[in-house]
Amino acid sequence: MIIDCAVYEDGKRRPGELALEEAYEAAFAEHAFVWIGLYEPDEAEFDSVRREFNLHELAVEDAIIAHERPKLEVYDDSLFVVLKTARYIEADDSVEFGEIMLFIGPQFVVAVRHKPASALGGVRRQIESRPDLLRFGPAAVLYAILDRVVDDYQPVIDGLDEDIKEVETDVFSHEGGNPAERIYQLKREVIEFHQATAPLTEPLDRLAQGLVPGVHGAMGEYFRDIRDHLLRVVETVSGFRELLTSILQANLTQVALQQNEVAMRQNADMRKISAWVAIVAVPTMIAGIYGMNFEYMPELTWTFGYPLALSAMAVACIVLYRAFRRNGWL
Amino acid sequence: MIIDCAVYEDGKRRPGELALEEAYEAAFAEHAFVWIGLYEPDEAEFDSVRREFNLHELAVEDAIIAHERPKLEVYDDSLFVVLKTARYIEADDSVEFGEIMLFIGPQFVVAVRHKPASALGGVRRQIESRPDLLRFGPAAVLYAILDRVVDDYQPVIDGLDEDIKEVETDVFSHEGGNPAERIYQLKREVIEFHQATAPLTEPLDRLAQGLVPGVHGAMGEYFRDIRDHLLRVVETVSGFRELLTSILQANLTQVALQQNEVAMRQNADMRKISAWVAIVAVPTMIAGIYGMNFEYMPELTWTFGYPLALSAMAVACIVLYRAFRRNGWL
Amino acid sequence: MIIDCAVYEDGKRRPGELALEEAYEAAFAEHAFVWIGLYEPDEAEFDSVRREFNLHELAVEDAIIAHERPKLEVYDDSLFVVLKTARYIEADDSVEFGEIMLFIGPQFVVAVRHKPASALGGVRRQIESRPDLLRFGPAAVLYAILDRVVDDYQPVIDGLDEDIKEVETDVFSHEGGNPAERIYQLKREVIEFHQATAPLTEPLDRLAQGLVPGVHGAMGEYFRDIRDHLLRVVETVSGFRELLTSILQANLTQVALQQNEVAMRQNADMRKISAWVAIVAVPTMIAGIYGMNFEYMPELTWTFGYPLALSAMAVACIVLYRAFRRNGWL
Amino acid sequence: MIIDCAVYEDGKRRPGELALEEAYEAAFAEHAFVWIGLYEPDEAEFDSVRREFNLHELAVEDAIIAHERPKLEVYDDSLFVVLKTARYIEADDSVEFGEIMLFIGPQFVVAVRHKPASALGGVRRQIESRPDLLRFGPAAVLYAILDRVVDDYQPVIDGLDEDIKEVETDVFSHEGGNPAERIYQLKREVIEFHQATAPLTEPLDRLAQGLVPGVHGAMGEYFRDIRDHLLRVVETVSGFRELLTSILQANLTQVALQQNEVAMRQNADMRKISAWVAIVAVPTMIAGIYGMNFEYMPELTWTFGYPLALSAMAVACIVLYRAFRRNGWL
Amino acid sequence: MIIDCAVYEDGKRRPGELALEEAYEAAFAEHAFVWIGLYEPDEAEFDSVRREFNLHELAVEDAIIAHERPKLEVYDDSLFVVLKTARYIEADDSVEFGEIMLFIGPQFVVAVRHKPASALGGVRRQIESRPDLLRFGPAAVLYAILDRVVDDYQPVIDGLDEDIKEVETDVFSHEGGNPAERIYQLKREVIEFHQATAPLTEPLDRLAQGLVPGVHGAMGEYFRDIRDHLLRVVETVSGFRELLTSILQANLTQVALQQNEVAMRQNADMRKISAWVAIVAVPTMIAGIYGMNFEYMPELTWTFGYPLALSAMAVACIVLYRAFRRNGWL
């Protein structure tokens, strides 16, 4: 689907709607370039674009299949750029990745967006308000899109940071949860995010140093700024990785601790019950003795035999109770 | 065993079957080269090829013994390339590695395939449909084979990814399994896969930058494309390694957790049984007391002595039962 | 807010207070430069400065938003430097980070300080006492500020070292604490501190090697000295990371050990109680036997039946007691 | 001890035994070089050699003390090479390291072998059968010895691989062993092996690229071949390190698992015994009740009192037994 | 404190004691240099030296404060070198670090030693016996001191190796110790030792390659020798780090194992005691039954009632005993 198609002359957008064929022609005017935005184009649409701008077969193949790693390829006089967009989904604390492919020639930009990648309409409006940059031609569009994509990594960093803090609270609270699965899922996301962002540093280095043909040297400072933001993202993500490894380890300690606390309480209960059983066993034994049927048991005939026996029982129980108490068993 | 042997002239295959000797001659025609496919060749077959194309003794030795690491060696005017093929075996979730050795000269390609490596017939047909590439000579064949070998890594990545997801499910399900062995075996496979793929990046870098003699500079873009795919594979594999380390750790936590849950349930059972024994011990003691044979036990002669004793027992039991209940022991 | 604004001529501060506009003019005198200190400037103040010295829009944007990584950017004839200050807060054993941004041109220094960063008044007085350095112009101010910022990392290192030693004592004392959370928080701080300091090495390398335009080569030695101090900080921090990983592991061992000691003591208690119950059960059984009502029980009629029975009970108890004692159960 | 001493002329060994002094002379003939093999030489023997060939004092010192790391040093017109040999001792699954030092000049090779290093007689015979290589002079001997030393690493790799597989079997079998010590000892050996092999890559790189003076460029391919074999060894060893770390972790899980299984079985036993005690306690209590001596206990006079009491006991036992059974306690 | 102060001319020490002022003069003679050894100099002493040789203020500052990382700085025509000495203290198995600072100019060496660093008198005597080296001037002194400092690392390596072996024995012995704290302290020392030694490799590389001004190229071989020894130290230390990480993990396994063995023995005891209680409970119940007072209990009147009851009890006990025995409970 063609989203937008416009010709830029001397840093300004030529007004009015534009058919694809008109755009092709316009792209050959001096000081002009055309920016075509495609969204999951079908074969036919893409084929027309491909033939018009003579895009390299390998780049085209990559653009259709997607699932590439971020990269910047130079083909003779045109560039092929693959970008990974990232979005933090609040609903399920997950990160969603999209892809934007750019074909950049001396007088054209073809931007191919794949499904979850966010629309570039905002980027277009933003860069259209900067004729000073647009005068640099297609490279200005590359700058604008890169800037947006990298800026959009920040909310993901914030979301992951929030998640890690939640997980920390879980781990160190005394409510006995086990966030091992969540920690692991975060680690997975962080690794994926790293793979989506880190390979972009190398192309940005080349852009910042003005080593990419067709990109005006004066734009180097702009790309350097993006690279710094990207480096911040990459360093933060690498810090996340190390933190998550530590928290997985800390969680093991905490889980062990919490469970052992439960076990100890159970053991203390058992000790208490057993201690009571032991106390009751003593009067039972004494009663058993005076329940024997020997003919000659002098105590049985004493007037105070019964009260004495009861007293003996009571004394035994009290002594035991105190002893157990002293040991901390009751 | 000779699999296929063909001469290519000006990007097209010369029709008809070809004996090895004819191929040797043909290889000296202008704008022509011969592609000989061998499958675990015996000494005699290989010796003829070796002498004809003057292959380097060290390369030949490596090709026969196999078990080399992936590499690209330049010998004067010829190349020796070692590739590791990988195939995911669905049946037992394992990865099988094969080897392909290529001897590439100005006018010949000798491809030696070792056992589990998949056949190159498909590659041959594919590249034969691209006369524009075949015109670059033997380097086009190198491209075609490299492209296939690296593309074939993707299903292995998919299979390993699938396995890791299964293992995750195992670890975090509450069914009490212990997939430690499987995690470890995956780690082993991932390390082996890394060793089979990562060393290939360096030769591909050299090919992409046009630093390999005998490879036309215009092919650089094609090798760059393969290198990007390979880098994606290597990065994913390195992510797998880190994930598997984390999951081994998480598994320890989960195993500890699940087992402690069992232990706690057992402890709770013990506590319950002991509590009942404790309850029963009290009426037993009371009964023991009134079973004593003292002559002077006034209660024994009371009309309501027996019912009172029974009531005392019942009350004691009820009181204990309630107390234990309150403590959560019953 | 404008903190201080002074003109330096031939290494000396021109006396008297100075309005911003006067400073602008003064900055164009020969052998003179102006140093303007801003503290969280509002838009208006900053805008005047920006226009006067023609600061680059990207640098200005970064300076207002803050939260940048440490860096040194070269824009035509001016530098933009971002520094992270760090302060150890004794009260809650935490580390607080601030930011200082410097815009350095041939004849001006604009220092923008963000909130928790400490005041630069002391730095100003210190460098003013070194006219030999001030003669190098704005680079001397850069040196003075960098020197202070890096020197201020040392108390943080000391504080963290102290914390780690406290945590070690906690882990290996036998008081049964679990400093897992504190270890983790230290790890977090150490990672943050690393991210604030390590990226500064690269700019300092460039300064030390005299690769930064506008910085006199003779100042290289001074920047080299700062770089060495920074490297010491970075290496110590990296040692802290490894130590904290080890101590988290050691803590798991210690926690396991301490808890198992508790569990073993509980188990030993249970064994003791059960052993006593077992001892008491034996006379109870004997008493039960002689409490049976059989008509023909010869022992019951013996004169010494009762004492014999009591003796049997006593002997059984003593034998059992000794046996249990021997086994270490009592 | 002098093991062998021979002069090689034009790629062939001059026949006959040779005294050391004759060898010295012979070494100055054109197209000739002498190869002296020493085995733990005493001071006197070595001193003669040292003076004759003017060996560097530092190299000589290193050669006598041994315990050096693998290296290749260039001294003016001679080389000093230190190699670590490794041998797998089947008897106790250990790895034994030896040392070979080579002094290589334009017309001499002095090979000093330290104790556990294997004899070089085989290498001598092998290279003597290759006059084409021997013509390159002493560098051919360097090649031959390096080739042998690196080839000899392979059996060590195989032995360690075998050991690791045995340890895996131990860890994941259900026989309850704890191979922690063996895993650790393997790790120790693997680290030592890495230290013996990895530093050799750098000298081999230099040899392969023809950067070592006195080594003919045409030999580069031969050294490149050795380097590839060495890289394979180093990569495999590094894989072993990671595997052993994982298996130590997996072992902890397995040990925990196996022991908890034992503990659970013990707990289940306790529960069973306690349940039986609880069952027996109930008829004991009933019997106790009807053993009381109250004058007015109507049941005692019933004709069917006794059978009813017995039935009550039996019923209580059966009910309890069923309940416990249902709970899985019996 | 001035330890020693001597002038060296043409490789030989000028005889006799020398006051500082004389030394200054002597240092300007041709082919002569002065070597001044200071031990924790006070301000005044140092100030005289500083002014005489025109030492750089930053170097002087570092030399007084100490606590620098090892480094070699080039200031115009002089060098400033910081070395960390290490000594293994047998008494408490700890490592003690000292510092030596060297100021090296074309005609002077000033060696500043800080407290725990060992005296350099031996180094002085050693190098004085090598006029061939001393002729190279102050660089020879640098060589001699570096050689000694690096040689002195070896006993530390040996001591740490010994400690690690002791800890291994502790971990894998079956005496139930927990060397976690000692392992951790070793890790700490090893990290500190690494920080004291590893940064020295870079200066030694520069010295070995002859890239340091004022050091004669012919001395490169000597510094290369030291660098190799240092690399050996650094590699061994890095092996220690990995070993200690593994042993901490192995210790966790062993501690868990040993404690569980204790717990299992306790559990087995409990099971045994409970089993005996269960056995005794059965005759107690039988006795209870025949102790009931029912009027119609035919067994009571049987002549053999009593012996039969006793037999029933005995049989019950024997049967239970055998069953428990069979289950392994007794």
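As written, the chains take the letters A, B, C, D and E, and residue 1 is the first residue of each chain.
We adopt the following convention: a residue touches a chain if its C-beta (ideal position, glycine included) is under 8 Å from a C-beta of that chain, and two chains touch if they have at least 3 such contacts.
As the structure is a prediction and not an experimental result, all values here were calculated from the model.
Contact with both subunit C and subunit E is made by no chain of the assembly. Shared contact partners of subunit B and subunit C are A.
Steps from subunit A to subunit C, minimised over paths through touching chains, total 1. Comparing the residue numbers each copy contributes, subunit D and subunit E share less than half of them at their mutual interface. Taking the mean of the C-alpha atoms as each chain's centre, subunit A and subunit E sit 39 Å apart. Between subunit B and subunit D the centroid-to-centroid distance comes to 24 Å (mean Cα coordinates, whole Å). Along subunit B, residues 249, 252, 256, 263, 267, 270, 274, 277, 281, 284, 288, 291-293, 297 each make contact with two or more other chains. Chain contact topology: the protein chains form a single closed ring, every chain touching exactly two others.
Circular chain order, beginning with subunit D and continuing to subunit E, reads D, E, C, A, B (contacts as defined at the top). Only residues 56, 58, 62, 68-69, 71, 73, 75, 178, 180-181, 183-184, 187-188, 191-192, 194-195, 199, 241, 244-245, 248-249, 251-252, 255-256, 259, 262-263, 266-267, 269-270, 273-274, 276-277, 280-281, 283-284, 287-288, 290-293, 297, 299-306, 309-310, 313 of subunit E touch subunit C when the two sit together in their complex. Residues 168, 171-172, 221-222, 224-225, 228, 231-232, 235-236, 239, 242-243, 246-247, 249-250, 252-254, 256-257, 260, 263-264, 267-268, 270-271, 274-275, 277-278, 281-282, 284-285, 288-289, 291-297, 327, 329 of subunit E are the ones touching subunit D in the complex.
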